[in-house]
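We call the chains A, B and C, going by the order they appear; numbering starts again at 1 in every chain.
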Amino acid sequence: MDILSYLIFFAIIAGIYSLSTLGLNLQWGFTGLMSVGIVGFFGVGAYTTAFLTGPHYPDAFGGFGLPIPVGLVGALVASGIFALFVGTVTIRLRDDFLAIGTFGIAICVQLVAMNWKSVTRGFDGLYGLPKPFAGWTNSPLVSNALYLAATTIIVAAVYWGMERMLRSPWGRVLRAIREDEEAAGALGKSAFSFRLQSFVIGSMLMGLSGALYANFTAFVIPLDMLPIFTFQVFVMLTVGGNGNNKGAIAGTIIVWALWTLTESVLAAALPPTLQNQVATVRVVMVGLVLVLMLLYRPQGIFPEEKIISPEARLGGRSGNDG
Amino acid sequence: MSGPDLEVRDLVAGYVPDIDILRGVSIAVHPGEIVTVLGPNGAGKSTMIKAIAGLVPIRSGSILHHGRDITGRATHTLVGTGLAYVPQVDNVFLRMSVAENLELGGFAAPAEAARRFDQIMILFPDLARLRHLAAGKLSGGQRQMVAVGRALMAGPKVLMLDEPSAGLSPKLVEIVFAKLLEIRGSGISILMVEQNAKAALAISDRGYVLAEGQERFAGPAAALLASPEVGALYLGAGSRLAS
Amino acid sequence: MMQVIVDGLVSASYVSLGVVGLSLIYNILNFANFAQGDYLTVGGYIALIFVILFGTAGAIAGLTFGWPLIVAAFGAVLLTGLVAELLDRSIYGRLRRRGSSRITLIMASFGVALMLRNIVVIFFGPEPIYYAFAIQPALRLWGIRITPNEIVVVAVTAALVVCLHLFLTRTRLGKSMRAVSESPSLARVTGINVDVVIRWTWLIGSGLAAIGGVLFGIALGLQPNFGFELLLPMFAALIVGGVTNIYGAILGAVLIGLAESLTVQYFAPEYRQAVSFVAVILVLLVRPQGLVGERP
């Protein structure tokens, strides 16, 4: 039973994180935008759902106690708005300005979470968030299993949605913009607005990811909103395959497995003096993995696949659309 | 001594691995010559000069400078051996002053730099008065002078120019070509790529016409000016460049 | 008010020493180095190693450090430069030669940044640590509170900025660096060996950052995140000043420093990094080329 509940826990977190990875894949893999502030949008989603669905605290904002779906929608909207703001200011300029801008947003989210005590309760965070299936059963195992089912459905839906979007006319334009911006401009499509849409949708997925995380762990604290999360998602996508949705999910599972396994392996392998450094050593190791992947297998495990739009298949044409 | 200053043999080159723009070009520049390379857009004229300068990957063929093989040598080493290149666009450092631009050109041959600087001030009198101005503040014609001056600072024996008359008014074009004659007069061989065929051939000794990555015509400038085929290429059937 | 200005100059000092390297690398290598902040950290901690090994005896009058730390600072500059060079050879250079995009380089630098910080934690732990355990009373000069250490910080930074200016305008290497930052391919055509320039860029950029780290350690003490926490202000300084202009970056650092000290004085000290973010957004909205840069 222990292993089972551990596996369920693992799968839920992997599923939640893979939403962020899918979001990054849309932004980076398909649009060429680098968000260095993934954790910021994750945090916005988490805190929004905490405000909307959490219990009332006398010293904090929120506590509307609304149903969980409202919290999820709120998370999507809030992260979408933040993304719209940052994206509008930076995307029309150089691509690295977006990286800097999103980096800044993530730090600001972290600062507000830690310091605006009257709203976020600072380091203590917001606790006691409703667990989605708590009322249905007494067994944590069953409610977790149900949460896993819900998460899996959401991930599958998002995956399916992403794949459809990329094969749609919208997706074609996006790919055209990525390949050759001038030609796309000649078609009369504004590269900027497509990029912005892609960025916002990707960030909303990250917000959703944060909301699902908050509802699963039932609390939100600033210490969960650190740059290490952004970094983990980078590694997950790079390992899995940038530009490939299957890769995004696979990479998330692999890297999350690596992350959790190394904890026990390191604890066993490290000398006693370094025991309290397990977490740190783990970060260095995974950092090394990222750099090695970028150097030696940048396309990841599942390289970007050529996407052929359905219309292109009609009429016996053999041309590739990728 | 008697061999060409610059020679290109069967050069095959292109920016992108699968696409060759030059398909086996051979040209030569003899001491004291002005040689012009002409051709329609896409023929590879610019690519050829850039390949000689080491900016375009070379697949096969060779480039000889005073008889020494310089194929594939790093771009920054060429100036020191006496081969200077003036690109068509982005050919001056806009944020640096005229004097600094020229100075940079002289780094490869510091011993003579001061003397050459003075010579260039004489060759381009306008620059003397502008020398503390940032190059970005100059007009197109003045920038061109800075670009050529910079190339001359290291005392080259061969000067290569990519469309020196591009974007200039006819009056300025006259001035530029007159300056090139002066430069040749001081003992420097010149290879230039040009669209302005008539004006360029008028000051050249010989010319080549490239088309689709190979030489189509070659010969003394006067012959090219009079040739009906060359005229047809530029002006349509039944014309000649020189009337 | 003068106090705010002085405090602003002190905090601007660390940012300006870091942003020079950021600007050079941005213009010459065309990528935003997210590991730049951690060069300050590495520099500060390498000096600490010297201090641990050789002690800090002999504090100079009024300061909390003496010649040993100055020597340590030189060591930090050299070793941090070595680290930067090794990183470029093994990682960034390889990615560049492969034609990797700016984005990939940013991601790699983010990974490097994380690794450097955490390696520091492995060796020195996460708690703050100091070069010397001396309490230094603040002086009151013309009504302004400032410690002798802070005076050294500002003086050293100012001196280095002047040296940098002389270097960039009077030396061959400096002029070559300016040329390469404008156009690497034209620089090659002009006869400049761009690879050598790149090497020096890393050495100077990381070396100045290392000094910034040591100064920070002297004035405020070291903890593994301090360099990373200066990264957003450095980016802000770069953007406010205008990304193409190194003097703009230094000016930007001063402005950011002043804005931060105003925030600390009149608003709340915890939000100092938020000031940088607001500055970035404002500049990108109103005048993306910054104060003295060119249109992006």
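The definition used in the following text is that contacts are C-beta pairs under 8 Å (C-beta built on N, C-alpha and C of every residue); 3 or more make two chains touch, one makes a residue touch a chain.
Just so it is clear, the model here is predicted, and its values are computed rather than measured.
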**Asked** Which chains end up grouped together through touches if chain C is skipped?
**Response** A | B
**Request:** With chain centres defined as mean CA positions, report which chain is farthest from chain C.
**Result:** B
**Message:** Just to be sure I understand: the centre of a chain is the mean of its C-alpha atoms, right? Then which chain's centre is nearest the mean of all of them?
**Reply:** C
**Item:** Distance between chain centroids, defined by C-alpha means - chain A, chain C (Å)
**Value:** 31
**Request:** Could you give the separation in Å between the centres of chain B and chain C, each centre being the mean of its C-alpha atoms?
**Result:** 43
**Request:** Express in whole angstrom the distance between the two chain centres, defined as the mean CA positions of chain A and chain B.
**Result:** 54
**Residues of chain B touching at least two other chains** = none
**Asked** For the complex, which residues does chain A have touching chain C?
**Response** 28, 32, 34, 36, 86, 89-90, 93-97, 99-101, 103-105, 107-108, 111, 114-115, 227-228, 230-231, 234-235, 238, 274, 277, 280-281, 283-284, 287-288, 290-291, 294-295, 298
**Message:** If we count contacts the way the header does, which residues on chain C are in touch with chain B in the complex?
**Reply:** 172, 175-176, 178-179, 182-183, 185-194, 244
**Message:** Touching residues of chain C toward chain A in the complex: what are they?
**Reply:** 31-32, 34, 91, 94-95, 100-104, 106-108, 110-112, 114-115, 118-119, 121-122, 231-232, 235-236, 239, 268, 270-271, 273-274, 276-277, 280-281, 284-285, 288, 296
**Asked** Quick one: in the complex, what on chain B touches chain C?
**Response** 53-55, 74-80, 85, 87, 90-96, 100, 103-105, 107-108, 150, 154
